[in-house]
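Next come two complexes, and both contain subunit A; in the first it sits with subunit B, in the second with subunit C.
Here is the complex of A and B:
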């Protein structure tokens, strides 16, 4: 998912003594492989993860780790294991889905991979990885706000790559913090040409499609090319550490529209829609993979809020064979519309 | 006073409540699904919702002028017994989309919430408690009888088919047209929703959906005794897309996977069912 393989690789390579294979970036071939062996109307992340699993098994991986939970994401691994075994691969799937991911279980699993594992060393590196995710998300937030207005092309992208490269080589929390401060300063010094009343758009929706740039056909890059400031809430830091807090806040702040907690990110999305409307954003983009049940339940409510506040909203539903051109056309039309509303 | 219970989704898990309200002397209004209701639901729902949810919304719209309150609870049994995510948003969906008065509660503390609702409607605490107890005794008796009847069908000498699906699909009067086709062919139909969830562990360790557990354990219980298995699913069902696929991959019995989108053309279904019954009878 995006650049998050870097902290994951950092954590695993420091606590266990094993070769770690980074799966190749998702391409059209991955999704083709995945959808060939998937059931009929499963949601799209299943196809992506299955395709990635097959590709990394072909590179010689013997242990796969699946981490997740929430909606039906927690049940993926069992079916994927069965499908891969029927295809004839030999491997072990470590399954850390929600409800099963307690500390004892994780400890036992790691002990099985590497017998020399030391729990204090593990916790130390976990702390560093956690901070790394936090800093990455902060930098990403800044990039998203300003990348549309860069003067030198790709300057943000290149600096980000350089920073992540440095991040993967740190070995204590203090040097990580210093690096983060140094690079954040550098980011702020990059030349931008940002007008005061630029167009602002919020992006909400289902987590996988939001965070994996290939699966939404680089929607954020496309938006940035129209000189738009982008706000996105969903990131790994939110998913792992702030989830429960946000949902409680969401239930409190949007009582008028919702009473009970909904599955996965649906209730957070409703709250964020209200937040974006209150902050007078010019438009909201809701993206999800097709057949994502929690989002389907929340969409009519989101629609109602946007109507009440009179904020334009557009829905994208991505599948394995959505045409890229169609999405670009719809996005262009949406951009024209919000620009005309401004005038 | 009239309370409307929309006959879709949660209704089939909560028949106890019908008895409860009857015990208190409240009239319960609910209708069987028909084509008009499905069309009403189609008008309110978005295109990607599953057929069962569309039917439910249709029921709510249909009941709108025919009763004082409509009861839409949130079924909540904890993390290890989750419901489909559609059940979580039922109340909020109806509250926002349709302009009606709704009674609601969280089913985690059933008696407490029933007392709360009863007081809202103007009953005394004792009355409510007595009605609740009577209703649960009546309901449990009936359920036991149905369960025994269902298991006894396994001993019959006819060919036997296990019908796997959620209660709101197998019991629905409108979707039942498909089951009626199977019934034409002199076979016993065993329903999966009348089993306990004791055996799911042998097939799937991670399973955390309350009513899928029942379906899976029914398959394990009847695997040796039935001649064929029919899976009945409405179109984009989130749970069945994964669970049924896993079950189909792990069993070695003849099976038929029926996916209902709408009931406009039954001819294709008829042919498939006919050939499936032929296979079973020759085996």
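Here is the complex of A and C:
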């Protein structure tokens, strides 16, 4: 998912003695493979992850690790395991999704891969990986705000790649922190041509589709090409460490619109909609994969908030074979509309 | 004198208008696309050119509709824009105080909400072609009725049959069932018109506040039956302009006028050869479909690549 394979690989390669295979980047073949063996009406992340699993197994992986949860995703790994076993692949699945994700259980699982596993070493590297995610997300946030205004094409992209490459080679938290500071400074020095009152758009929705650029047809890149500042809240740092806090805050701050906690990120998205409206963003884009139940539940409420604040909102629902042209037409019209409203 | 050409190339029909400096339509034409946008545009321009007085010079060309990019290249257009903007601008030039535009075309349908001449919200149909012109025309064929007679026939009915509006497949099986139990043709046709309206309001117009003045346009707006049920269900007057099918082309012509420079365009494109050659890249597992566009056997653009392997040079 995006660039998050870097901290994940870092963590695993430092705590267990095993070959870590990075699955190939998601391509049209991944989703083709995934769709072929998935139920048709399952949500799209299922298809992507299944495709990735097949591609990894083809490359010789013997152990797969599945992590995540919150919605139907909790049921995925069991079903995916069964589908893959029926296809004749031989592997072991470390399922961190279903059942309790307590330390004892994870410890036992890792012990199965590597008998020499040391828990203190594990926690130490977990701490580094956690910080890495945090720093990456902060840098990403800065990139999203400014990449649309870069003077030299691909300057942000290239610097980000360079930084991630350096990140993957660190071995203690202090050198990671120094690297992060150094590169953040470099990012700030990159030439941008940003007008003071540029158009600002917030992107909210279902987590997988938001974070894997291939699955949203590089929506953020497309937006940046229109010189728009982008705000996105969902990232791994939020999902792993700030999720519960945000949902509590969401329930408190948007009492008027919801009474109870909703599934997955639905409550957070409602709160963020209100936040974006209050901050006078020019538009909101809500994206999700087809058949994503939590977001379907949140959409009428989000619609109501956007209506109350008179902020334009557009919804995209992505499936395995969405027409790219259709998305571009709607995005172009959305851009024209928010620009027209400005004038 | 200056004039500006706007072309709207849709899935079913190709529309063209030529306007003067005061946004007045000098000449217009409406022909079928027949699955070949390049040929239909050549035909269209030929018709327009023959109707155009010699004193006019073309100072701008704009294209919109689903083949806008290709035709934009062919004609070297100065504006290539999406249909939503084009329709809004075109309608605003005739009805400056319009609040809602309902548009049903051949393959898509959209709703545009405006306030003080500014687009405030819009939506397009997402999932399928249910409730669009192509559904109506295929059903007309099934019932062996000319599409032109569809509207007047629907008006005769006092008892429209109920047809499932959600999806064309269900609507069709419903329709066959109603026909087989002996409903009158006009009742079935009226039911179809009503189902288009219901489908539109449930899918495209969902959650949108429809305020009058309401303008209905696109090819389907010429269907009197659909218009009748829009009026009935929305409980407000719905205006259909005599040029309602040309609004997109008019809008894009106006946009092209706004962006025009001193360049003069030549409308002699009958002998220009224009080809698209497709090839599967095969460079990686993305397997992009690379489209090469040739004008007079000269490569002018490449589309469809996800990486930088194919760049026009």
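By definition in this document, the second predicted complex is superposed on the first by the 341 of 343 C-alpha atoms of A that agree within 3 Å, B and C clash if a C-alpha of one lies under 4 Å from a C-alpha of the other, contacts with A are read in each partner's own complex, and residues count from 1 in each chain.
Note that in this section a contact is a pair of C-beta atoms (placed from the backbone, for glycine too) under 8 Å apart; a residue touches a chain by one contact, two chains touch by 3 or more.
Computed from a predicted model, the values in this text were never measured in an experiment.
In the three-chain model built by superposing on subunit A, subunit B fits alongside subunit C with no clash. Contact with subunit C, but none with subunit B, is seen for A:28 once the two complexes are overlaid on the shared chain.
The wider contact with subunit A, measured as residues touched, comes from B rather than the other of subunit B and subunit C.
In the overlay built on the shared chain, the residue A:260 is in contact with subunit B alone; subunit C does not reach it. In the superposition on chain A, contact of A:341 is made with subunit C only, not with subunit B. Of the two partner chains placed around the shared chain by superposition, subunit B is the only one that A:293 touches, whereas subunit C remains out of contact. In the superposition on chain A, A:246 makes contact with neither subunit B nor subunit C.
The three-chain arrangement built by superposing both structures on chain A places subunit B and subunit C 80° apart around the Cα centre of subunit A, to the nearest 10. In the superposition on chain A, A:317 contacts both subunit B and subunit C. In the superposition on chain A, A:42 contacts subunit B only, with no contact to subunit C.
In the superposition on chain A, no contact is made by A:13 with either subunit B or subunit C.
By the touch criterion defined above, A:77 reaches subunit B but does not reach subunit C.
Once both complexes are placed on a shared chain A, the shortest Cα to Cα gap between subunit B and subunit C comes to 6 Å.
Overlap of the subunit B and subunit C interfaces on subunit A: residues 300, 317.
The residues of subunit A lying in touch with subunit C in their complex are 24, 27-30, 300, 303, 307, 310, 312, 317, 325-326, 329-330, 332-333, 336-337, 340-341, 343. Residue ranges of subunit C in contact with subunit A, taken from their complex: 66, 81-85, 118-122, 124, 126, 207, 284-288. Interface residues of subunit A, counted against subunit B in their complex, comprise 39-43, 71-72, 74-79, 82-83, 86, 95, 97-100, 257-264, 266, 290-291, 293-294, 296-301, 304, 317. Residues 46, 48-50, 74, 79-80, 84-86, 88-89, 91-93, 95-97, 104, 106, 204-208, 235-239, 241-243, 245-246, 249-250, 259 of subunit B are the ones that touch subunit A when the two sit in their complex.
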